[in-house]
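What follows is a group of structures, each given as structure tokens.
The following pair of complexes shares a single chain, subunit A, combined with subunit B in the former and subunit C in the latter.
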Partner chain A sequence: MPELIRLTIDGRSVEVEPGTLVIEAARRVGVKIPSFCYYEGLSLAGACRMCLVEVEKMPKLQTACTLVATPGMVVRTDTPQVAEARRAMVEFLLTNHPLDCPVCDKGGECELQDMAFRYGAAESRYLEAKHHVPEQQWSPVVFYDRPRCILCYRCVRVCDEGMGVGALGVVNRGGRSEIAPNRGDHLECDECGACIDICPVGALTSGMYRYQTRPWEMNHVGTICAFCADGCKTTLGVYHDRIMRGNNRDRSGLNGEFLCIKGRYAADFPHHPARLSRPLVRQDGELRPASWLEALSLVEARLREALAAGSPIGVIGSNHTTNEENYFLQKFARQWLKTNHLDHQRTGDVPALASALAGREGTLASTEDLYTARAVLVVGADLAQQHPLLSWQIRANWRHHRARIYVVTTGPVREDRYAARSVRVEPGGELEGLLALAEALRAEPDLVILFGDAIQGEDVARLVAFGDSLGIPVKYVCLVDYANSRGAADMGLLPDLGPGYQPLERPGMTLEEMLECPDLAVLWVVGANPLIGRQRPPSRFLLVQDLFLTETARLADVVLPAASAYEKDGTVTNVCGEVQRLRKVVAVAGVKTDLEIFSLLACRMGFQKDPVGWETVLREIADAVPGYRLSVPALLAGAPQRTHFASQASSSRRGKVRSARDTLFTSGTLGRFATILSQVREAPGALYRG
Partner chain B sequence: MKFSEQTEARLARLIESRPPGHLRSALVPMLLFIQDEVGAITPEVVEEVCQRLGVSRRDVEEVVSYYSMLRRKPAGRYHIQICTNISCMLVGGAELFEHACRKLGIGHHGVTEDGMFSLEEVECIGACCWGPAMQVNYDYHHHVTPEVFDRLIEQLRDNGGKARER
Partner chain C sequence: MLHPEPHPAEVVLLTRRFRLPDSASIGTYLATEGYQAFRKALAMTPEEIIEEVKKSNLRGRGGAGFPTGLKWSFVPRNSPKPKYVVANADEGEPGTCKDRLLMQYDPHSLLEGMLIAARAVDARAGYIYIRGEYRYLIEILDRAIEEARRHGLLGRNILGSGMDFDIYTHSGAGSYECGEETALLESLEGKRGVPRLRPPFPATSGAFGCPTVLNNVETFCSVPPIILRGGLAFAGLGTPKNGGTRLFAISGHVNRPGVYELPMGFNLLRMIHEVAGGVRGGRKLKAVIPGGSSCPVLRAEECDLPMDFDSLARAGSMLGSGGVIVMDETTCMVKAAARILRFYARESCGFCTPCREGTQWLAQVLTRLERGHGQRGDVEVVRDVARNMLGRTFCPLGDAAAMPALSFIEKFRDEFEAHLEGRPCAAEEVALHA
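Our next item is the complex of A and B:
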């Protein structure tokens, strides 16, 4: 532990670690130094001059955001000179800034507005005409309004450093300076919108939210993003039961301020015009709207018939539904429908990892571990496309801690740019490619290995054996595709494994087998689209629960309109095995959550007396699923809860594992119904050109 | 893009003189050397510089738009820069600039029809002791009165002037 440095700020004594900036030291003793360009975690700019402070024995005012604390330093932020400097800076920033706050998207949550309120002057001496430039649209997502820009360069830095994209630059000089996109008049980038959220003023605005509503008119609900498996917290702004925007400007959740385009702008799918709002039943070959009563009665009758005849029933679960729904569905199938024909679309071989690591403590990497590990190895995955948060974490680790990154992939990935070693292999050659890195990895103090679907089955055990052979602590992440892919596996939506990867005596049919089996009396598909590009399966009755009339739903005998992740409460488990709370954000008329549907059916069929809520099922999970004994109060308070694999966890020997290889701008079937997401489809791969 | 032997040699020296990992610091001199030969920073030049230094197009655009001595369009054969900053202005720099405009029939950033001369009003060029001062390509001219200016223009037009060809 290095010796602490003692300094005085506004008469208050404070001790800080060497290298601490004065602006941070001041925060520790409750002294707020105003700033625009300073942003924790990004490089220093010293551009806005808002944080000027007086320091004893220094002739001029100093910028607190670039000044490193030294022993005995005496800093004052409350002198008339500092107040005058701040007032002058605000006046200067306002010379060309338009006073269009009444219509500006940022009005009410604008840092310049707040600064002018606190530190500015009521009158401006500026009489000249303001320099005006028309606003520009750079992409369906990003708009730029030059006159509002105060040139703090936060957007340039977050794109360069945080995202590793570098799509924004500063052109021209002095009063004519402006932010410019990388393709002349438009952007070609991740379209993540980080630049928009980090903008302290209304210079960068989003295509989804601009001129739609006012910040104070919305309810802001923090929930978990419905798309990829990284489990980012997104705070959705809701106005009149409509999601207006997503952001995470308060930097809460395991993702801090990070969100990709899906977390920020893909939250429009609940309001898509094609959304189902009434049950559909097939009559004379056509699907027609029906009441819930009629549709549920029909389903009940078919299930009763199948049970009475002892005919097999198949169930295909979802990568998007909550842990409670997945658990309840497997209970419904196994306990009440007496079937083990249960599966979901598997995108990563989690059971194989569970079995390889069974009984070992602390071998699953958390999202945080990716930021703190000394070395990270990425095997067979394009993280920037498929797991943008994990990519962000690793990049931040490299920037802040000089972590060494190793890559084994079949093609170029963003991590190459800062990797200590990148190994290119032929598809299928990933495990062999690792061997080239063995010596370098042995020299590392610790390591996190992330692997995609290229490593599955027996290869997972081989990968873990390789990790063991290095003689250093190794943690793992098995990459999966969707919001609750990990939860679906953990809850036992598998033909040969129950909750917590407990082996079953009589394994059931896999997803593929169910789709081919002519004997199935009922095939029940929940929130999945396995029939895309396929014929109707030979099962006698096809029941589908989904948000939209998907390719699978079109072939169904009964379609039940389900609520999306943004319309329900519950928990989901992210790719790193962290459980987080999903919160109901909006209500959509006519739909029911999958848990409601299961529960209503169970009541009708006499399996239970009263419908259950998600909290009841969560308690049941804690008792029944090994590794899921979580702190519920902490979970409810929003803290991610880590799970672990049980000591008897077993590998699944049956079924197919395949990642959908989504890009930043696709997300299976759900992605097709996110309007903005489908408007900005940059060609994957083009992002790697300079 | 391929440049003359002489320019290529200058560029090679430039790159050799950078410490490893600091290639991008060669950006400004490289742009100037290439501009001397090509006459302007064309989109092809930007692309070429990106390739040679391994920087992004954005990095080059930032620099080109910042420095006024880097041009997007070719200047005249003789590029005349007249200082109107304080010291020169006090001894007739502004009048000299106005005279030059009338004489050449062009304004700030203009090029004569024959492509011989171009004119630019610039800030201090570091010749305050000898104002009014102006620069023709890389050559300095001191104590420039309208008469001196006219004489110089005639000389240059006859190609008898001492200004180096770019």
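Our next item is the complex of A and C:
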């Protein structure tokens, strides 16, 4: 433990670690030093000059954002000279600022407004003509209004350092300086909007949100992003029951402020015109709208018939529904419908990892671990495309802690650029490729291994054996595709494993087998689209619950319109096995949550007396699912809860695992109904594959 | 501009080869003690070289006047990184044109100075960062470098000593800011020419993040005489703490404008009236900017002082880069101030707030005043804006713009008021009565 440094700020004594900046030291004792260009986690700029402070024995004012605390330093921020300097900087920033606050998207949440209010002068002395430049559109997502820009370079740095993309730069000089895409007039980037979110003023605005509403007209609800498995918290702004935007400015959640295009701008799918809002029932070969009563009665009748006849029933669960829904569905199937024909579209071999690590505590890496581990190994995955948060964490770890990154993939990935070593292999050669790294990895203090679907079945155990052979602490992440892919496996939506990967005595049919089985009386598909590009399965009755009339729903006998992740409460488990809380953001007319649908059916069929709420199911999960003994109150309060693999966890011996290989701009069925994802160009693919 | 004969008051040391035939060639250079200093340095330890430079009281000729020997001693010689020697040939300060003559007439002295620096810090590569407008000098330098290579004075195993060192020219693209040492390094590395955060200073983290000696051309050119004749001899030419001679570029309203090599501490009035032949047309001296356009202006009555770093600092100005700009009584000080500020507004790199916005603001207000469109309070705005920039910008460019603005309005306030009120200013009075 290095010796602490004691300094004085505005008469308050503070002790900080060596290397601490004065601006950070001041924050510790409640002294707020204003700044624009200083941004935690990014490189230092010293450009805006807002943070000038007086330091004893230094003749000039110093920028607190670049000044490292030294023993005995005496800093003052409350002097007339400092107040006057701040007033001067605000005055400078406002000289060419258009002051179009009444129509600016940032009005009401603008750092320049706040600074002018707190530190600025009441009057302007600037009589000259303001320099005007027309607004530019750089992509469907990003618009730039130079006159509003205060040139703090946060956008340039977050794109280069945070995202590892480096799409932005500065052109011209002096008062004509502008932020500009490095490709000239357009962006070829992740379209993540980090530059827009980090912009302290309204210079960068988004194509989705601009001129739609004022910040204070919205309600903001923090929930978990509905797309990939990384489980970013996104705070959705809602105006008149429409989701307007997403961001995570308060840095709560395991993603801090990170979000990709999906978390920020793709949350409009609940309002898509193609959204189902009434049940559909097949009559004379055509699907026609029906009432919930009619549709549920029909489903009830078919299930009762099948049960009475002892005919097999198949159930296909979802990568998107909540843990409560998944748990309840498997209970419905196994306990009440007496069937083990239960599966979901598996995108990563979690059961194999559960079995390989069964009972070994502390071997599952958390999202935080990716930022703190001394070394990270990526096997067979393009994280920047499929797991942007994990990619961000690893990049931040490399930048801030000089972590060493190792890559074994079949093609170039973004991690190559800062990897200690990258190994290229032929498809299927990943395990073999690892051997080349063994010696280097043995020298690391600890390691996190992330692996995609290239490693599955027996290979997962081999990978863990390789990890064990290194003689260092190793943690793992089994990469899966969607928001609750991990939860679907954990909750036992598998033909041969129950919740917590407990082996079943009589394994059921896999998804593939169910789709081919001619004897199924009922095939019940919840929030999945397995029939894309396929014929109707031979089952006698096909029930589908979904948001949209997917390829699968089109073939159904009954379609029940389901609520999306943004329309319900519950929990989901991310790729790292962290359980987080979903909060209901909007209500969409006509739909029901999957849990409501299951529960109503269960009541009608006499399996239970009253419908259950999600909290009741969550408590049951916490009690009954091995590895899920989590703190429900903490979870409800918003803290991610870590899970582990229980000692009796077993590997699934049946069925294949296949990632959908979505890119940053696709996300299975859901991605097709997010406006922005259909507008952006697939530039990243071109960038990172070449 | 080079006159056929040196002025009798000149102490010809750095300029001693200027008037020789074919002075830029290695033949002339070798015939006049060329590379003797380097040969001597090869026999010295790095510590001895730095000690000799320290003894000379040589201070950086770029403008800031930092002691050169001290600067070299900051380079960590035991660092495992490669070290670099960089010559700042971006001579961009208005009123300054001395490095240009050194490179034109005596390029080998620059190379030799860099070689000695390389020997002192164990560098293997050197760069001459030269302003783009000096294209014709790049050819001269490249020829000199090629000559030196052919004579085994650059390249591998120099003069059989085992020392490897080579020099490359690198052209700037027309930015004043790239004369600031860290912006120069950014530009040298192919990046946008904006200054870097300091510390770390170039001595520990300069070109490509490696320890770097970075000096002005004239500074490097001063090194061979120091090594050859000893630091004390060089120091003895100037005043205490201000060693050696200095190349002064005298421009403006004088009869014989030009570059003159004079000992440090030479009297400014003598410089104007004797060396530069007096004020043009026998007019009255009005003001002098003593060290390039960024230095606070001196009124005529303030000019009886020795030209060294410390005396000028005491007079509230700076020796700067040695560009002496002389203005006679016909000069409109509002126009002069506006012209200077338009330069800085154009050359501000735009990186930090007060310089980017302040230089534009000052240039606009002063230009309005110059053209008779002043408004009440404009002079106070100029004063406040300049004060708000002073000492608060990221690099010294903000000060370079604020100091002339402040000194012009402080020392010639009447003329600004006259422009504001529509009266003839002092310069116009002179014109009226001529």
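We adopt the following convention: the second predicted complex is superposed on the first by the 685 of 690 C-alpha atoms of A that agree within 3 Å, B and C clash if a C-alpha of one lies under 4 Å from a C-alpha of the other, contacts with A are read in each partner's own complex, and residues count from 1 in each chain.
Everything that follows uses one rule, which is that contacts are C-beta pairs under 8 Å (C-beta built on N, C-alpha and C of every residue); 3 or more make two chains touch, one makes a residue touch a chain.
The model shown is predicted, which means the values in this text are computed figures rather than measured ones.
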Fit or clash between subunit C and subunit B when superposed on subunit A: clash
Comparing the two partners subunit B and subunit C, which touches a greater set of residues in subunit A: C
Which of subunit B and subunit C A:Gly166 touches, first, second, both or neither: first
Partner chain(s) touched by A:Asn182 [first = subunit B, second = subunit C, both, neither]: first
Subunit B versus subunit C as contact partner of A:Leu151, first or second or both or neither: second
Partner chain(s) touched by A:Ala646 [first = subunit B, second = subunit C, both, neither]: neither
First, second, both or neither for A:Arg125, with subunit B first and subunit C second: second
Subunit B versus subunit C as contact partner of A:Leu44, first or second or both or neither: second
95-103, 221-229, 275-283 or 419-427: stretch of subunit C that collides with subunit B: 95-103
Those residues of subunit A which subunit B touches in one complex and subunit C touches in the other: 169-170, 172-173
Of subunit B, residues touching subunit A in the complex: 50, 55-59, 61-62, 65-66, 68
Residue numbers on subunit C that touch subunit A, as the complex places them: 175, 177, 192, 194, 197, 345-354, 356-361, 364-365, 368, 375, 377, 381, 384, 388, 391-394
Contact set on subunit A toward subunit C in their complex: 44-50, 52, 59-61, 66, 85, 88-89, 91-93, 95-96, 125-128, 131, 150-151, 169-170, 172-177
Interface residues, subunit A side, partner subunit B - complex: 166-173, 180, 182, 690
